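The same subunit A turns up in both complexes below, where it pairs with subunit B and then with subunit C.
Now for the complex of A and B:
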């Protein structure tokens, strides 16, 4: 019974959050960023090495696409999550719904996953489509490699969403919550734009720890999952954390980031959050 | 979230238009050259060329190669002993003549070109498929030489080179999206008109 109620609630919440023109704007933003990262390929190689180089090209394409999709993720996830919680609180809808037999636990999970799950699915579909358009001579390889982005995008979006919920529950006003959530997520995303290899070679002190930030760590995790081996790494930076830590370390790190944000927010919402001012 | 014909059509149109715009603005590589190890007499070397269906281009068998300069005593003295060595001086361009047989096989296994000649020469090839074109070069001359190959899409012909398959997909998306959008809008208008008519009849009664 509660599962059916939860599903019905999820369906309604998805319809509310992703109403026109939100889905259209998200698709447009993601399509623009994806197409910018998938470039035409012309390469002459030894015929005997072609399959390996082709596989590397597909892996590189998937990695570059996910890196470019990260900014639309962050924008849409932070805005929609803040809107979803803060607007419902401000308009009194949250109070009305929670006065019904629907539990706070279900309410929180429905609102949270109504934003995260469609974004994960949309990112995966667009990545597979656009990478597949360039490499459709090996469709199974494209599909296999694109599956690796699912856990990465899910964890990354859970973190973004958690931050959005934190801001929304603290600020409790729609526009300030949206702006603050956007800024906070953008600030955490920014380290992914820094060229870590160059920074390490120039001896920048913090460059070694950039890979431990949530979004940069997610991209490094994806590269390790895909099996991308960085080439041309000078000896003096070969022992940097980004190159020495295994994929499992980054997986644990991402799960840790999600847990320290989402679980406390969940517990706070179901036990302590005052729905009346 | 109701994904009716109107919304689906709009999404397809958005993706199609963005793809069309991207195809029109992204530059296509004009020329590309590669060479590997020298080919012995009578031996065949196979190149793999990954290419999109860009239309008519030229595959060339070249007759020049570049050779790295030898390190000087200063370069050796300045080298730390680990990693790569910096070599001062310009690369040396060497020209030669070779008699080469060129065979080009498309990704679907069709032989597009089978020709012999003295380097340098180029042959026109119509690239209609996406995938690996295999270039077999056989050294029919009398000395071991590297045989560079090149791919060229001359800009001066006035032809616009675009990836034909992606262009086709973007046209299909845009067209089907437009049709769906129009169907959705027409259905919505008709439904609204019917409701308004029924309401007026009910009011009268």
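Now for the complex of A and C:
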């Protein structure tokens, strides 16, 4: 009975969250991101004499493209989660629904997964599609990506979702919650834009730990799963965490990030959260 | 008023930071129609939220139908329907779909006929229920909210400012609906409203609050017993002079005058006055045509109690 109730509410929540033209905006953003980040294949071919150099260049390009393609999903996740919780709180919908005999546990899970699950599926399908479209000459790589993208995307978006809920439950106002969530995610995203290799070469100590940040960690994890290894790592930075830690360490790290955000939020919501607007 | 207590607040204190929303509040909710009266910031909505387990008391406990409102909120909420002042729905659904969803959330199976009947009660059955809620007027949303509160035959319906968005005609309809539902479906009500004459018409138990505290609770007459305010009555009686002479000697009468064959009496003890008046009329050999209170009863008590508190 309660499972059916949960499904009915999930269907309604998905209808509400995804009723806006979010998908269209995201696809457009992804198309732009792909065009901006990909190195044209023709250029790579023109300057490559050997197959391994070509393959390495393609892999590097795939890595950069995936990194860019993740950003729209992270933005979407922040915005939608803040909208889903803060807006419902502010409008009184949360109060109305929680005045019915539905458990807070179920309500939280429905709201959380109504945002995260479609995003995970869409990011998986669309990222694979865009990468496949651009790198059709490397089908094996695209196939591998389609396989590994799902867990990475899931962990990454669960983290974003947890952050969105944290912000929404603390701020409790729609616009400030959306803006704070976006800013927080951009801040956490920032390390992915830093050229770690160059920073390490220049002796920037903290650069060694950038790969441990949630988004950068997710991208390094994906690179490791795909077997993308940066070419020509100088000996003095060969022991950096990004190169020495195995993929499993990054998986554990990402699970840890998700757990420290989502579990406390879940417990707080079901045991302590008060509707007192 | 029924004597059966269906809910009770026991010394409930609720603070939000430095603000004391409820201050050692103790009250009883009876089977019947309960009116929750108080100025803005009295703590009425906090009390409603607390009774539904949406907030947790700092001190004390609240019970509805024998279950703790915070710890067993699911049990409580399964017996209660609520209409909040701040109305919120899934705006992309139609009124009909919203009600079906709410029925599912309440764990009740409602047939199509029952849903249509419910929509008929709140007059949303003329095609409006098929339209998206997003395009509903404020009045339509209010009526849909009421239908939502009534779904699944709850034992108690909590209405927070139920007529605030309605025109006088619809307001009257809602007020007619309350005694009807009380009688036909044995539904109890807890109604919070600023429109005191409306509450006076439908409620049989009143809870008067101010600054998070209970000022008074009881029937309208019991409220007067505790009130020190003087109330003015106009009595149409024949012959007027003989009754006036007898009333002048009564100690609870503060002022008395005869204007246009009517007695204008200011009394400080309404209960005693109501008890003594038939006796005095009989003693004078007079016949009573009408007794009318000049000010809205509840408004008088409300003003007096709040002023006294201030």
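Simple rule for what comes next: the second predicted complex is superposed on the first by the 240 of 277 C-alpha atoms of A that agree within 3 Å, B and C clash if a C-alpha of one lies under 4 Å from a C-alpha of the other, contacts with A are read in each partner's own complex, and residues count from 1 in each chain.
Convention: a contact is a pair of C-beta atoms (placed from the backbone, for glycine too) under 8 Å apart; a residue touches a chain by one contact, two chains touch by 3 or more.
Here the structure is a predicted model, which is why all the values come from computation and not from measurement.
J.: Tell me the contact category for A:4 with respect to subunit B and subunit C: first, second, both or neither.
T.: second
J.: With both complexes superposed on chain A, which partner does A:31 reach: first (subunit B), second (subunit C), both or neither?
T.: first
J.: For A:91 in the superposed arrangement: first (subunit B), second (subunit C), both or neither?
T.: In the superposed model, A:91 contacts subunit C only, not subunit B.
J.: Quick one: is A:99 in contact with subunit B, with subunit C, with both, or with neither? Answer first, second, both or neither.
T.: A:99: touches subunit C, not subunit B.
J.: Tell me the contact category for A:274 with respect to subunit B and subunit C: first, second, both or neither.
T.: A:274 contacts subunit C only, not subunit B.
J.: Is it subunit B or subunit C that touches the larger share of residues in subunit A?
T.: Partner touching more subunit A residues in the overlay: B.
J.: Touch check for A:15: first (subunit B), second (subunit C), both, or neither?
T.: Both: A:15 reaches subunit B and subunit C.
J.: So which bits of subunit A does subunit B touch that subunit C touches too?
T.: Residues common to the subunit A contacts of subunit C and of subunit B are 15, 19, listed in rising order.
J.: Under the definition above, what is the set of subunit A residues touching subunit C in their complex?
T.: 1, 4-5, 8-9, 12, 15-16, 19, 88, 91-93, 95-103, 272, 274-276
J.: Given the complex with subunit A, which residues does subunit B contribute to the contact?
T.: Residues 1-2, 7, 10-11, 14-15, 18-19, 22, 26, 28-29, 32-34, 36, 46-52, 82-83, 107, 130-132, 134-135, 149, 151, 163, 165-166, 169.
J.: Considering the complex alone, what residue numbers of subunit C touch subunit A?
T.: Answer in residue numbers: 16, 21, 46, 49, 52, 54-56, 74-75, 77-78, 80, 82, 84, 86-93, 101-102, 104-107, 148.
J.: So in the complex, the part of subunit A that touches subunit B is made up of which residues?
T.: 14-15, 17-20, 23-24, 27-28, 31-32, 35-36, 39-50, 53-54, 57, 118, 133-134, 136-137, 234-235
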